[in-house]
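Chain nomenclature is as follows: A, B, C and D, assigned in order of appearance, with residue numbering initiated at 1 for each chain independently.
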Amino acid sequence: MTVPSQVRARLVGSEPVGAYHLLTLDAPAVAAGAGPGQFVAVAVGGPGSAMLLRRAFALYTADPATGLVQVVVAEHRPGTAWLVHSPVGTELDLVGPLGRPFPLPAAAGTAVLVAGGYGSAPMFDLARRLRERGSAVHLVLGAATGERLFGADEAPHVADTVTVTTDDGSTGRRGLVTDGLTALVEDTAADVLYACGPMAMLRAVGEIAAAYAVPCHVAVEEAMACGIGVCMTCVLPVIGADGRSRMVRSCTEGPVFEASRVRWKDVGTLPADVVGADAMGGHR
Amino acid sequence: MTVPSQVRARLVGSEPVGAYHLLTLDAPAVAAGAGPGQFVAVAVGGPGSAMLLRRAFALYTADPATGLVQVVVAEHRPGTAWLVHSPVGTELDLVGPLGRPFPLPAAAGTAVLVAGGYGSAPMFDLARRLRERGSAVHLVLGAATGERLFGADEAPHVADTVTVTTDDGSTGRRGLVTDGLTALVEDTAADVLYACGPMAMLRAVGEIAAAYAVPCHVAVEEAMACGIGVCMTCVLPVIGADGRSRMVRSCTEGPVFEASRVRWKDVGTLPADVVGADAMGGHR
Amino acid sequence: MTSLAQVGMGTTLAGVALPSPVLTASGCSAAGRELAPYLDVAELGAVVTKSVMLRPRSGRATPRMAETPSGMLNSIGLQGPGIEAFLEHDLPWLAARAARAVVSIAGGSVEEFVQLAGRLVGAPGVALLEVNISCPNVASRGQVFACDPRAAADVIAAVKDAADVPVLAKLSPDVTDIVTIAAACVQAGADGLSMINTLLGMAIDTDTLRPILAGITGGLSGPAIRPVAVRCVWQVHAALPEVPILGMGGIMTGLDALQFLLAGASAVSVGTAVFHDPSAPARVARELRDALADRGIPGVADVVGLAHRDGRR
Amino acid sequence: MTSLAQVGMGTTLAGVALPSPVLTASGCSAAGRELAPYLDVAELGAVVTKSVMLRPRSGRATPRMAETPSGMLNSIGLQGPGIEAFLEHDLPWLAARAARAVVSIAGGSVEEFVQLAGRLVGAPGVALLEVNISCPNVASRGQVFACDPRAAADVIAAVKDAADVPVLAKLSPDVTDIVTIAAACVQAGADGLSMINTLLGMAIDTDTLRPILAGITGGLSGPAIRPVAVRCVWQVHAALPEVPILGMGGIMTGLDALQFLLAGASAVSVGTAVFHDPSAPARVARELRDALADRGIPGVADVVGLAHRDGRR
């Protein structure tokens, strides 16, 4: 795995794209060797900021040749607001690439990629890499509204087929991103699924994959305080190779997990059979 | 006295001037009715700032016709650093005009104005007003270095004579601003002194004024948490009309005081004869 | 969505009806007069006045404050003109504007507290007394009343006897178990609790290599302490759900105020925020009203303590 | 001005010589390994490891954190693999890199602490034990050891007996009188004190109208609490000037670290700052060295507790 770097990265581009902002950063050390599904952690608020914690963003592009990386940011609360309003030229403190990338299959085959909202960001690089290795790629993009789709225009360039859905029908098919997925998996005889987006979507994709006994890799999004594996805030219950469940760090052991390993319905709870749950007293 | 306003003021100009930054703000409500010696209090750091307290700056200009006010800012620590690096167009939260201005004499006469460093900021408007009322104005500007003089070029336009001193002799006469002051007061038969600058300088000017029995108005600079009179952080021991000393707020009852009223050597202490010192227990 | 006009902003604090749940905090708005350029004091829930003592007090030497990350330290030393001047100049100004006063009193002995409460009997516009027990008790070598349940209770019981309006005990967070102190005050007759006062803190000047404050230690306030304040309100409301709470500590926005109401406060005080924004108490009330409307909540009374229950009503 | 190379960065903590006064803080750098891309763990004063318990622990449900103004709340619940895995995987990694380990231990009973100390006897690279007594005592209905002088002393005395390295007692600021707890720990044999642990706090989600943390309350850390931490170090050093202190709480910069040394700490831990800047412990040490050089101070030893004395040496 690539060793992450901490760099001061110049913001060289910042432009609105639909409901999002596309930020381009000059960060050669981060761009070198980053894989799709990895993320960067950005300090926000500038000097004198009351915001201590970094914000995590999946890499949309990472070009070792130019040294540029791009992220797609949804303006949410103060940290992301500061980021999207930072003028070009701002120096950002960036750590990355972090986490494990989507694993690429050993042999060429047929992959279905499913993304919700800005969850599409890592899918373009993933699609390119899969096609480079000879796989067929079918890309499904969904969002609440057309504005919240990211990359629908670019999609046909990286995928063999593209399906677009929106909850309100403003763009593409009306409905959930998962609605036509069963048919697609069947029709394309998919032998691997990849997904990135809201937890409910990941879970649904994972269930479809399980029904067809197809491997499914999903990138989760858990609140992270450190992003580098030292704080234990970003955990979720994951079943290990030994069949036992553990609270696993999504920043270092994820954000990409095999969907069948994640105990979706127990996320946000402490299942009694998780390793070490029996030892929990009232400690904080 | 003018009632202060709280306004969102657009930064319309920001330029380095020697060691300082001259900031121009569009703030008609503040500009209307401000007098020399009054100040504004500016919130710093933008949204998500860890800096809670406003920073105080003396008004350099306040033009009711254009609605513009100007302040001269020395970059010191994070709050002033943020201010001087704020791009033109930034909206600043401004409260002012605050405090009491320098009192103007009832009759025309001869005034000596003494300023140290950015303490000259309020002196130009004061000089103009004194001359409008027929007074002769002698302006003494001093600073550690030539870089830290503010307004030496403008000075001849507002004063009858200008004396410039620097500690290092890089501009004007070498020495302290107070060095030639006794002679000047004597030569001009000054009948009022005004001063703004570091505490040690104010005290020295006050002593010279006392020696010649000339009234002397000085603008002090005490650390202020609120600037509007509600917190009691900005006090110094001042002798009242009844001869008794009190801890007096420099934001509302100052920043301009009659020098002979200030107990200079007791600033930063709690003199036992101050009203209410006898009641002090261990309360915080 | 509830329409803005429909949001019920009235609240009841220790039996006293207030038109708004947003008050000033003691020591952060003097006696209200200085805020007049920035807001209408009569529209506030009440003006909580700077703690007044019997005699005039000079306060401490300067420096009296230090800015800290998202907070500040103060060591004012309860500077003030004493109760007589307060009765003569401050209360009448508020009464003339139909503003409600919550008068904060401070003393070094039970007797001083009692005298203060006595002097305030019948004074115009006094809605409540707030008893600042974060004062050193002269009789026990300066131990702060609020740090000892018995000392706290003694003060409250005595003030309760002397006062003609409901009494709030103002608690310090600098204790091992705030619920014990709260319960002692309630037992002694407190009609409600104000919490929290500042945390004891200090800062050292890395140039002079000495403490910044002339008083060495000082009280930490501002958003930095808000999580501690919300926790105190939560704990006390959980243990004593019937006891009215005036919550404070780091409130800067309407959503901050909402956190305190959800934790169990019936009203809130806005303190240090005034130094950042002199219109803060009025702005916080507006923002709170907007937040309630956005969430379709009919009024303040509907959210008090709600976070202890099911969440979404 | 002292030249940079001349500044003596070595310090002695509870009798143990450390090459730098800047350490990590327990729970904020795991066991050091994850910091390797950002700094050289061997150059740190020591790595203070996440509090380890006897058995593997899952930690709490999520959400486990909330950002607050200049701080954060955490409610991890001491997730960890237990002492055996720690001895097998974590300590050897540090020892192989010639890094010093301060091993933090946590238990629910005196017996658990003793067993942990026993298992660590002879373990490689252990410079000190840090005893995290901010744990609920199972025997007294969950009251935190650090909040009761007797319970704290019992743990420390027992660990002291079992351990073969000097022992630091890690104190909680959530007490009425930290000096009493400090003195009890020292009396019981603590070779030094670590302070402070987090403050108990909480935050409420104004959308769900429920506490943010799954654990409801959590520990407040970061610059927000620095004034409280400096005050605790100051008070304890004033009362017990001979007792070595490892100071922590909101250290982000070299000047912040200097405040703790001036207040009386012989070394400092950098905790939450690591989440903001993974290189923080190394950066803080560099900035501290620069600050000492700028001030013409020969070394760390010259500033420990200096703010209690005349100021300018």
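A few points about this structure:
Everything that follows uses one rule, which is that a contact is a pair of C-beta atoms (placed from the backbone, for glycine too) under 8 Å apart; a residue touches a chain by one contact, two chains touch by 3 or more.
Given the structure is predicted, the values throughout are model-derived calculations rather than measurements.
Separation of chain A from chain B in touch steps, taking the shortest path, is 1.
Using the mean of the Cα atoms as each chain's centre, the chain most removed from chain D is B.
Contact tally for A-D versus B-D: the pair with more C-beta pairs in contact is A-D.
Centres computed as Cα averages put chain B at a distance of 35 Å from chain C. As a whole-number value, the distance joining the C-alpha centres of chain B and chain D reads 46 Å.
Spacing of chain C relative to chain D, judged by their CA centroids, is 34 angstrom. In chain C, the residues that reach two or more other chains under the touch definition are 69-71, 217, 222-223.
Of all residues in chain A, those touching 2 or more other chains are 50-51, listed in ascending order.
With chains as nodes and touching pairs as edges, the resulting graph is complete, every pair of chains being joined.
Chain contact summary for the complex, chain D toward chain B: residues 69-70, 223.
Residues of chain B that touch chain C in their complex: 3-6, 43, 50-54, 93, 95, 222-223, 225-236, 246-247, 252, 267-270, 274-284. Every residue of chain D that touches chain A in the complex is listed here, in rising order: 27-30, 34-35, 37-38, 53, 55-65, 67, 69-72, 74-80, 82, 106, 108, 135-136, 138, 142, 214-215, 217-219, 222-223, 272-279. By the touch rule above, chain C contacts chain D in their complex via residues 66, 68-71, 73, 147, 174-177, 199-204, 206, 208-211, 216-217, 220, 222-228, 230-231, 234, 250, 255, 258-259, 262-263, 291, 295, 303, 306-307, 311-313.
Partner chain B is touched in their complex by these residues of chain A: 44-45, 47-51, 78-79, 81-82, 87.
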